[in-house]
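Common to both upcoming complexes is chain A, partnered first by chain B, then by chain C.
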Partner chain A sequence: MASETTTAGLAYGKRSLVRGMPGHHIAIFIGFLVVAAVAPFLLYPVFVMKVLCFALFACALNLLLGFGGLLSFGHAAYFGSASYITAHAAKVWGLTPELAILSGTAVAAFLGVVFGSLAIRRQGIYFAMVTLAFGQMIYFFALQAEFTGGEDGIQAVPRGHLLGLLDLRADFTLYWVVLAIVFFGLLIIYRVIHSPFGQVLKAIRENEPRAVSLGYRTSQYKLAVFVLSATMAGLAGSTKALVFQLASLTDVHWTMSGEVVLMTLLGGMGTIFGPIVGATVIVAMQNYLASFGAWVTIIQGVIFVIAVLLFREGIIGVLARRLRKPL
Partner chain B sequence: MFELLGIPPQALFGQLLLGLINGSFYAILSLGLAVIFGLLNIINFTHGAQYMLGAFVAWFLLQYLGIGYWWALIIAPIAVGITGVILERLMISKLYHLDHLYGLLLTFGIALVIQGLLRNEFGISGLPYSIPPQLAGGQNLGFMFLPNYRGWVVVASLVVCLATWFVIEKTRLGAYLRAATENPTLVGAFGINVPRLVTLTYGFGVALAAFAGVLAAPIYSVNPNMGAELIIVVFAVVVIGGMGSILGAIITGFGLGIIEGLTRVFYPEGSSVVIFVIMAIVLLIKPAGLFGRAA
Partner chain C sequence: MAEDAILSAKGITKEFKGFVAVDNVDLTVRRGTIHALIGPNGAGKTTCFNLLTKFLQPTRGEITYKGQDITRMAPADIARLGLVRSFQISAVFPNLTALENIRVALQRERGDSFDFWRSQTVLNSLNERAEELLGQVGLSGFADVHAAELPYGRKRALEIATTLALDPEMLLLDEPMAGMGQEDVERTSALIKGVSANRTILMVEHNLSVVSSLSDTITVLARGRVLAEGDYQAVSKDPRVIEAYIGAAHG
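Then we have the complex of A and B:
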């Protein structure tokens, strides 16, 4: 395997760990780690952590949208709730960061079960509207509930000590933890996509009646991928809460759901690494154009229009077609 | 004065009226969405932005040309409808051969652009638009005070909704439309210009949204975000009603508005989410929607 890539030797050495993984994917994962290891020395670490969190968020949505064929327009609900719960757990309950992240992620998973089991009862365009409506419901809940702090959100969330030992207050220490979490999340998503479960998902995406006729209980598969996607979105949101020490209404707003769809679309729906690229581009754009106010929204809208009309494969989708390799 | 369940009647009927008004907007907007979806098979996410544009056109007309409310009620829907026709020809029509989701994504992007441009220009604080003098004041009905304008909004919406229903269900043009919804290829074979029918339908749906926007302008202040939150609620209304039936969309719209108004009286905290809760219940009991046909 993987003889054509420069990392062939390394891949061979770890054969038992990454069996069946194409060489260029191993190369990309290693390249990702190298870039991620260098980036905080060149760029502001908090910015890089933001990119990482949104990369995981977009990959989570892509699992549902690109591989399950289900467009959720309300993924901010899982990202944002997890962010709120983590912030609350760390600040009010005084939990250690790993427990705070776990509780946030668990709540996102729970919401995924509840909303997912309702949303999969409708298909296509209705599915998108249902998820959007549930997302808005969570937004109104966050707006009114006591613990979320209304317009202020939950501020000054303590980062605490990982496992009670490692002080995360320094950006650099936190950075490696965030990188580990995000990389772990990406590997899980990668594994799911390439599992037999992932193959069935693709079959459902391509032709659901046929998958049903082959004996698959498609609604169970759809629910499972919905919950997985919501959980990973929650993991991203929880981590984000610790990075910015903040959980706010922005995290649960419908614009956030739209942004993550845009990241996935721009990077390439149904590609493996596209959402990472899409998230990087969008977060960088928001960062550098922040002083232009509403222009960020306008540019995002224009990118949406261009991507849908001319560029539906996304950046990585085009690249994958050129290289004739699944990326 | 009598009281109902400990609620003073003024509060009860006041909220009911507010509910009816919200219901009017739900009904007109979900009607437009249903008409567009029926023929184009896309969900028009720009609908909220087009509703907002209607209000803005009315404001522009008054501010810069001195054209008042009554003319705006005619001009704004036509103007916004024309932009809709252009939009359909230039962009949306390129997506008919693709998955419906792309239509949703495209119109979402367009909505972001429109809202962003107007927010840049006018901020989010809102522009005042006064009630036309003919409809100022109100009636004392004994049990409540009815502002004339609010009564007018409910009546005007009902008339527009029923007129739309009449055109679609009872006229020849409506018959073409319904036939094209069922089988566009066959209708085309009978010599009817289906693409033009599609374009005009989109323009009409958009004009409905703009009409609602003009109606809303004197009640809510004219601001770039006025359609963004509303359209999400309207999506929930559409899921509850199902898009199969015109009359169903109208009944669902008004009904949910009233339920929302009642919730505001008896359980104010729940009023912003009650429609979403109803949506969840409908999904459990009748997933195709109250008036929908099973897919």
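Then we have the complex of A and C:
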């Protein structure tokens, strides 16, 4: 394992993002890019972009849940706030898309600092409840505030020109930009998991008192991962606002927080690629089963029950155990 | 006497809603010794232990380590002063490999590890030391095994190696022999004896034969108070100690 890691790293140069990445992970990332490059020609590009945004959102939650051991039940707060800010920045302030996305992401990061520093004082179910409460506060704010447009949301958000040059109105042009953003986000999350910081994080997840006794101030690490996760969730929300040209109450609703937990669990919590698979399955179901109306929720529920009963480690979790390789 | 004390507690008391678990305990651990804390069930040993390692905050009293008042310090900061504890239930990181377990401790010498943008390959420079520590506790060849898959005695050995990775000046061991078979007890005894060179050890332990063979000083607690203190010979003949143990067995 160790030798495989070093050779893969050396082949790509010392400072590269893939340094230390095992061969099969590089292969999966390349496979992901290939599939993502072909997908918009076979499927509706906006649908694929939706999958990509939710994949990033689920991976962001998984960073906190699967590697930090912290279940946030209010991640819609960061996804949705970023979505609103990006929509407002692009539509009202007339910012270019990259600046609009950065503003949304920055606000999500800021909220992550504020809410995270309060939430990490509690553990387990209480932590989940505190995050849910903050999520509800953001929902209420979005419902009441002037700029969010209440029930209507912010509609007809202009996609604008990237860096003032590239016209993003065409779905296909936007697609490559979204793919680049999401892929970059996924690589960042991958690196966080496989960094010295990630190593301490896993230790805290496994046995917090022991990590404390080794001299780690664990609450600082928990806050750091909370903020990183909120920031990445924000990046996903901001990007989504440009894709759909819409920010709405759905983005900040607690069901959104629940859905992303579902995606993570279905794909495999604590795996690297599981949330991508989970997000794909859930978004595809919502899309292709839409004709069943309210039955979608029931079908989703049944699938979730089956998943929890038969493969608790999630789709990729089971696969990783079979292959005896971290996926 | 006072100048070679490394850890001392004065009048430490812990009350839980009207119940006094530890009552006005004075304890002095001399540098370079193995000091055991014993007593019948419910004597307050573990509470006392948690107070000294700051996992619990005393209601009253004062704790000093190397002349520094540590009464109000956070547990992680105590560890940074070189006062490192172990746990009753073997405290390993189950889903990390044995090597990674030790590396988490070795990582401490880098300071804080908030560098989330750096590849973990920077930690490979610690591998050699980690292997060495594994060898010291008889775990060479287990480097890539997940801690969860190790048998109990080996988990405890891994835990000791992880603690040693911090090169602590003082070790606090909470029932290091709990749940062990005779063979493991002997191996761990030898291990503790080995690591006690140049270090101070305070341990809570039930196994009296271990206590008698290892410790220089023994403090006996009963009902939250210090009952007796001295070497094994003195303590084992003390009528109050005999009464507390036999009384507890009958009660």
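Throughout what follows, the second predicted complex is superposed on the first by the 310 of 327 C-alpha atoms of A that agree within 3 Å, B and C clash if a C-alpha of one lies under 4 Å from a C-alpha of the other, contacts with A are read in each partner's own complex, and residues count from 1 in each chain.
Throughout what follows, a contact is a pair of C-beta atoms (placed from the backbone, for glycine too) under 8 Å apart; a residue touches a chain by one contact, two chains touch by 3 or more.
Since we're looking at a predicted model, the values are computed, not measured.
By the touch criterion defined above, A:Phe141 reaches chain B but does not reach chain C. When the two structures are aligned on the shared chain, A:Leu42 is found in touch with neither chain B nor chain C.
In the superposition on chain A, contact is made by A:Gln123 with chain B only, not with chain C. Contacts of A:Ala203 after superposition: chain C is touched, whereas chain B is not reached. When the two structures are aligned on the shared chain, A:Leu71 is found in touch with chain B, with no touch to chain C. Shared-chain residue A:Val261: touches chain B; no touch with chain C. Against chain B, the residues of chain A that register as touching in their complex are 71, 73, 118-119, 121-126, 128-130, 132-134, 136-137, 140-141, 143-144, 254, 258, 261, 265, 293-295, 297-298, 300-305, 307-309, 312. Note for the complex: chain B touches chain A at residues 37, 42-43, 91, 94-95, 98, 100-102, 104-106, 108-117, 119-120, 228-229, 232-233, 235-236, 238-239, 269, 272-273, 275-277, 279-280, 283-284, 287, 295.
Across the complex, chain C is touched by residues 1-2, 5-6, 9, 19-20, 191-192, 194-200, 202-203, 206-207, 209-218, 220-221, 224, 228 of chain A. On the chain C side of its complex with chain A, the touching residues are 53, 55, 74-77, 79-80, 84-87, 91-96, 100, 103-105, 107-108, 110, 112-124, 127, 144, 162, 166.
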